[in-house]
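Remarks on the structure that follows.
Labels run A, B, C, D and E following the written order; every chain starts at residue 1.
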Amino acid sequence: SGKSSSGGGSGDGSVKFEGWDYEAALVQQNLDRFTKTSNIKVDYTPITSAQYVQKVVAEFTGGGGPDALYVYDDSLAAWVDGDYLQPLDGMAGVDEIYDAIYPGNAQAMTYDGKRYGLPYYTDANCLTYNAGILAKAGISKPPASLEELEAQALKIKNAGLLQYPIGLPAQLSDTWWSWVWALVFGSGGNMFDDQQNPIMNTSDTVTKDVFSWLQQAATKSKVIDPASLQLLPVPVDNAMKANRYAYTIGARYASRDYNDPAKSKAAGKIRMALVPSLDGKEHATVSNTRMYGLAKDTEVKDNAFKLLTYLGGYDDQKQPYTAKFWFLQRGLGFAYKKMVDDPTIVAALRKFADPKIYAHLAEIAKPRNVLGVPWYTEFETEMHKVVQGVLSNQTQPSAAVDSLAQTAGTLKKKYS
Amino acid sequence: MAEVRLDGVSKRFANKLVVDNLNLTVEDQEFLTLVGPSGCGKSTTLRMICGLERATEGNIFFDGKPVSWLPANKRDVSMVFQSYALYPHRTVAQNIGFALKMMRVPKAKITEAVQRAARTLDIEDLLDRKPRELSGGQRQRVALGRAIVRDAGAYLLDEPLSNLDAQLRVLMRAEIKRLHVDVARTFIYVTHDQVEAMTMSDRIAVMRDGVIQQCATPEEIYERPANRFVASFMGSPPMNFLTGELSDADGTRAFRSAALTQPLTQRLEAAERAVVLGIRPEDLTVSTTRVEGHHPAKVFVSEPLGPDVLVTVNIQGELLKARVPTPFRLGHDSTVYVGLNPDRLHLFDAADGTALHAPE
Amino acid sequence: MAEVRLDGVSKRFANKLVVDNLNLTVEDQEFLTLVGPSGCGKSTTLRMICGLERATEGNIFFDGKPVSWLPANKRDVSMVFQSYALYPHRTVAQNIGFALKMMRVPKAKITEAVQRAARTLDIEDLLDRKPRELSGGQRQRVALGRAIVRDAGAYLLDEPLSNLDAQLRVLMRAEIKRLHVDVARTFIYVTHDQVEAMTMSDRIAVMRDGVIQQCATPEEIYERPANRFVASFMGSPPMNFLTGELSDADGTRAFRSAALTQPLTQRLEAAERAVVLGIRPEDLTVSTTRVEGHHPAKVFVSEPLGPDVLVTVNIQGELLKARVPTPFRLGHDSTVYVGLNPDRLHLFDAADGTALHAPE
Amino acid sequence: MTTVVKVPVRYRIPWKKIVLYVLAVGFGLYLVLPFYWIVAMSFMHEVDAISVPPHWIPVHPTLANYLGFVRPDAAQELVGGRAVSETPYSLRNSLVVATSTAVLNLALATFAAYSFSRLKFRGSQVLLVLYLLTRMVPGIAIIIPFYLLMRSFGLLDTYLALILSYTTFALPITIWILKDFFRSVPRELEEAARVDRCGWFRTMWTVFLPVAAPGLVAAAVFAFMTAWNEFMFALFLTSTKAAKTIPVVAANFATDFNTQFTVMAAAGVLAVVPPLVLALLFQRKLVQGMAAGSVKG
Amino acid sequence: MVAFAERRPLGDTAKAWALNAPAIAVIALLVAYPIAYSFYVSLQKNNLKRPRAKRFIGFDNYRSLLSDHAFLSALKVSALFVVVVLGLTVVLALILALVLNERFHGRGLLLSLALLPWAMPGVVNGLMWRTIFDAKTGALNGLLQQLGLIDDYHAWLTSGTGAFLFTALAQVWNTLPFSVIILLAGLSTIPSELYDAATVDRAGAWRRFTQVTVPWLLHPLLIVLILETMNAFRAFDTIYVLTGGGPGDATTTIALLDVQTVLTFTDFGLGSAYAWVITAITLLISVAYIGLLYRKGNFDV
């Protein structure tokens, strides 16, 4: 099965579809349903997520790419520039869908003014806290500002409840560090202007201030766990589940597991809040979007688009069937604004989060605006190292932002 | 060093008894030769003395001190391996000088000693070769050189000359003897060459199936073998044996067999006893004319050995070998008269082979 | 098969000439023995005949057909390696039967042949062992067994008996001879044992430094050596040599050296010529009483050899070895009279060693 | 002489034995402890696996982590259910690929290695280094062209693609390994076999290779493990359970979204078992002495 | 002279090439093109994300390395990593191989254990070490605490040196088996009579080791050195999973950088240039090893 090696289709109109291997069995189940209703065969290959991008790139380079596929918002620009994807503008129902989703998601799927994807799932970052621990320290409300966060953490620390109340996944890895962006966006800042020029060391001081706070919290008040430098997201999750951190910053999605009694000792105590800001006011947060894309040289464009619609769009009842499917099955965040009003969804949501805050986060979330530059990955990698330097007191915040700006400049030149 | 004493030493390989309760004392400065049929346990005995093989039972003493637990490198012995065991990655010179290097002898001295040994062994021009590029005899000489170049408490030599030609062997024999005198140490030597055993040894130990049959001076072994096995083993061609019995026929004691009756001059106790008569080929005389007391016989075959001729004669169906001086030109079936030198007769018990009588 | 002919064969190892322009024809069914000092090129010659080594120059013919380019497995020869080369992962029985198996002989026949060979070699109880569990002599017998068990056009045996005891060697010698008669094939045999060479061979080829010195029957070689080297090499202890010159002193032709003057009865052409007189130890007589024509001498040393005694005598500073019958009981410096058997004198050119005269 | 005096022989402390056993135990622990941890985890519930202090022995032992590998319905319950259900296939694939690689490698390398150990020829050292050179270019640099090549052969997602690529990886090293062992086989053995009427191939097969067995086993183990472990090429060259190997599937347990250590540990244990069994089977060969007693000199 | 109609067998050289032909054919067919291609790519500006910007730039990629801070730092880290890992591996493997070459109870077990780390796929291996070194729940922390050696759990991998050393340790564990097997197989070919001879020649255990074992093992050692150097230079899996190259640049080896450049940044041109630098360095080192050891260890039995 599935050995068609030439690009696009295999003659019988079947669609070659690829995605990273998240819950591949469920995906297959869902696709079977599609085939049954539409009579279009789907030839689905799940790919190890860690190497998904590389493998797809290799396939497109070699000429054996799929017809439809998962796309990270991080890769969108590159894949469009690389001629792997084609825009969906003008195709049936696309505008309708774009109207129905959160603006942040729509923005993330648009590049150079053209629309390239239908939403698979999305998520926004939030402050996740353990209300049980907070209560033990006599804290009733989550912090609104970073100052408050530090103070609360200190209180917990001083009460002897936890040595390090805040844990962050700060080990180097190929995936992005959403919490850094969440902190910057949360305080209303940005690292780049709309022309993708670095502003973190000039007009916008938020980044630097966030760094200062991080350094202070990590090395002066010592409320951020120094072990963070060794932590990937999963160990942080494990620690949260084991009541070993009071706070972390990350995707809303994680709370579902945190509050699952089968997997977590902290079940029922984990809450979500907006990302604390420097000034205590509400600003924004960062979002990410995973989408379904359409290959540029597919030979089964119609069928592939039908599949795309089934997966990322509406069904006959004007319902985002698959998005709902994913939320109910696995709690994956959705892009459709209306879905939060759906009672079944609310019911499911209540099990791990406050639906209001959950929805509010989605509304204020926005994507990283530098995703479109070809050197974004390099920049992100460099940023991780710089932030590690900040956390371990080896780099001062001002030097850190200078270095980031310089990196951006160098990369820009290199890619011009 | 060193008196070497083996005290009830046995060796088993996977339940096969290879050396059986061996008791042997090699005196300090003695030259002892170990002989015996192939597979009788000679090499194993040497290897136990050397410390390469641990005795299954019994103890080994050097100068009265037990060494059973001492590893070979602490026993201060030198050995020529039957299989040479040359270091393939070292040149001849390095092979020979290895032990000296291990003993931290200065380089210059090593070179000198190696040169000297190589000259003795006539392998001076091979010093830079690797063992792979040597002929069999050359390898054996290197193995010998490795053992003699150094000073040791005891020298164990396992058939060190077997692959050398006669001339070289004579020379090497002399060199080994000279070394023995020079260093005045204990030598234990394994050989299959009777001449070697006879000429070099202070004493010879004859082994069979892991048991020492006799340990005595060469003359003793040759002249007065302790049993039929020793008698047959030492001497080439071996002693002739005739099975028969002692009887007192005609008033004199005599040996009587189907083929011949030989009067005996010696005093011997029991009569009417099954015995084996032994006589060495050189103690037979073969004449073409009838002689009193000689037995008529037919020439069966004659083999020239160079200086002598080995004549096999047939006396009434018994084949005896006689060694007579060259030339001997009688063909098959010629009639001859064979005399047994009455002073050189051996008598053995027919049952267990123990010597009953030997020449003075 | 097979007449084996070597035609101008030379072998060089890294520019060292090891076999030099060898011309030799071994007749069909002949038993030829190759002797020579260690390292003279015997094994190399065998290996070239066998096809394991390629001749640097010259050609080899089997029954007139050139085989120089034929690999060993196509030459139909059987060989005993000087170094045994047993297959370590196979048992003794498998080692011996290997060639038969390769020739697709049925299993039952192999077992039978192996059993027979093992009985001959007295290694029946070792058939299930691996080579590493054997003694040196046992290994050698396995190597021999491997060669004799099969049928081959020519049998090449490189010192097959060197590690066996005298008794066994005599037996094996007989077995090899019997095999030679039975299979009626060409045998080429390398040995250091003079007795072996003398008793087994149809012809003996004496080699030295890669050159054949003489190839003739054993008697010829012993009685009429072609040159001084052959004379000295064959015979143990070797021939005595005296350097001197021919002269016509006192009207008769005589050999004259510093030590003695020996009248010669033979006709010899040139006088006034530097020559070497040769005489074998068994051709010397030693008497305690003065005898006409005998030379007064002193006993230097005497070594018992069993049947004989080897007496080294000193005639005016020249040492000669004489072989006399046991017993000989004169000590060092006793005066004796030494006679040279005038019929058994050899004369060699002093310069190149060529034989000028040999006994009839 | 006849009176056998029992001499009290001083018993020596067997230092060698003691050192030997101490080292053996030390190394054994070093080698096995990390793996033991994986094994222990594979029998634990997730919660126990991350408990502090750690439970060295599973407190609530469970087979749940393994169940998925044998029962597809149980697999669905687990995170990475698809990977779980693919594990048995991937084990089979890995076994086929690794075994074939080992065999193919030995076949090719034996010839080449023989030439280096026995024949004197010009350029031998250069050729040896050239072989190595092909191995010195990091895989990452050739993976994309390699992928293209395999695609043009139409071999993507087949065993052959993997076998061929691993063979090329392992071949240079295998040649190097074998040439050393071949060198220590006495030449006389080959010669004896030739005289015993074996042609070259037979000599190799019946005499030479059996004697060089430890080297062959070492080389085979090397090739096998190379194929067993390789991840990157397997990832790029395969896509379905028809050819995916165990490292690729095992990687699926560690996704960005979730890592269920206990299931992964179970998969890890399963991945280690086949080679380990093979190792147990062949370990005697590996340490058998080579040519003892075969030649004199 | 007779003219010979006999077919002459091949000479050594011809025979050798014939024997090498299959191996050469396979290698040439399968890797010659990728290798040539990758070298060609290393002379290109070639980022897969920007196919239109692809062009030939000669040795510019290589030239840019000279001032590439990331590259130079990674080179330094790699060099150190190679030294540490290689040193530890060779010493430990040699000792273990010597132990395994003796007869004792449990030898088969230990030998199988020695193969164990090898059988573990890299990813699993990396994750295993992560659960062991984990700062929060790690087995190492647990063990040391229970043994009373530490009071609190440590984050072993958060300091540069710590991360480096622990990564090296994990790497050694993983690469040990290869060296052990090669050395062990090498040891098993040493004729025991050589040890006998050396013992009689008064060489103690140490001298037997240096005078008999080592010379005999030089060639196996050569492979071990070459391959372990190569491995250490390319070590990726373990480092990637354990530290991702951090903290900062502390464990960013050149291999990690290379993989990141090719796969994450999809900069195939520069990545290939990195790869060729790695190739050149390992080749040089290997040639140096060969120069040092090949002749010394070359002998015939």
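By our rule, a contact is a pair of C-beta atoms (placed from the backbone, for glycine too) under 8 Å apart; a residue touches a chain by one contact, two chains touch by 3 or more.
Owing to the predicted nature of the structure, the values given are computational and were not obtained by experimental measurement.
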| item | value |
| --- | --- |
| Minimum number of chain-to-chain touching steps separating chain C from chain D | 1 |
| Leading chain pair when contacts are tallied as C-beta pairs | D-E |
| Centre-to-centre distance between chain B and chain A (centres being mean Cα positions), rounded to whole Å | 93 |
| Rounded Å distance between chain A and chain C, as computed from the means of their C-alpha atoms | 94 |
| Inter-chain centre distance, chain B versus chain D - centres from mean C-alpha coordinates, in Å | 55 |
| Distance from chain C to chain B - Cα centre to Cα centre, in angstrom | 22 |
| Residue numbers of chain D (touch at least two other chains) | 50-52, 144, 186, 251, 254, 259, 289-292, 296-297 |
| Shared interface positions of chain E, touching two or more other chains | 136-137, 153, 191, 263, 300-301 |
| Touching two or more other chains - residue numbers and ranges from chain A | 51, 54, 61, 238, 242 |
| Touching residues (chain side chain D, partner chain A) in the complex | 46-47, 50-52, 75-76, 80-83, 85, 143-144, 147-148, 151, 154, 156-157, 235-236, 239-240, 242, 248, 251-252, 254-259 |
| Chain C residues within the chain D interface of the complex | 47, 50-52, 71-73, 76-79, 81-89, 98-99, 102-103, 130-134, 136, 139, 146, 150 |
| Touching residues (chain side chain E, partner chain B) in the complex | 191, 193-194, 196-204, 207, 211-212, 215-216, 297, 299-301 |
| Contact set on chain D toward chain E in their complex | 16-17, 20-21, 23-24, 27-28, 30-32, 34-35, 37-38, 41, 49-54, 107-109, 111-112, 114-116, 119-122, 124-125, 127, 129, 131-142, 144-146, 149, 164-165, 167-168, 171-173, 175-177, 179-181, 183-187, 214-215, 217-218, 221-222, 225, 228-229, 231, 246-247, 250-251, 254, 259, 261, 264-265, 267-268, 271-272, 274-276, 279-280, 283-284, 286-292 |
| Chain D to chain C touching residues, read off their complex | 186, 188-189, 191-200, 202-203, 206-207, 210-211, 213, 289-297 |
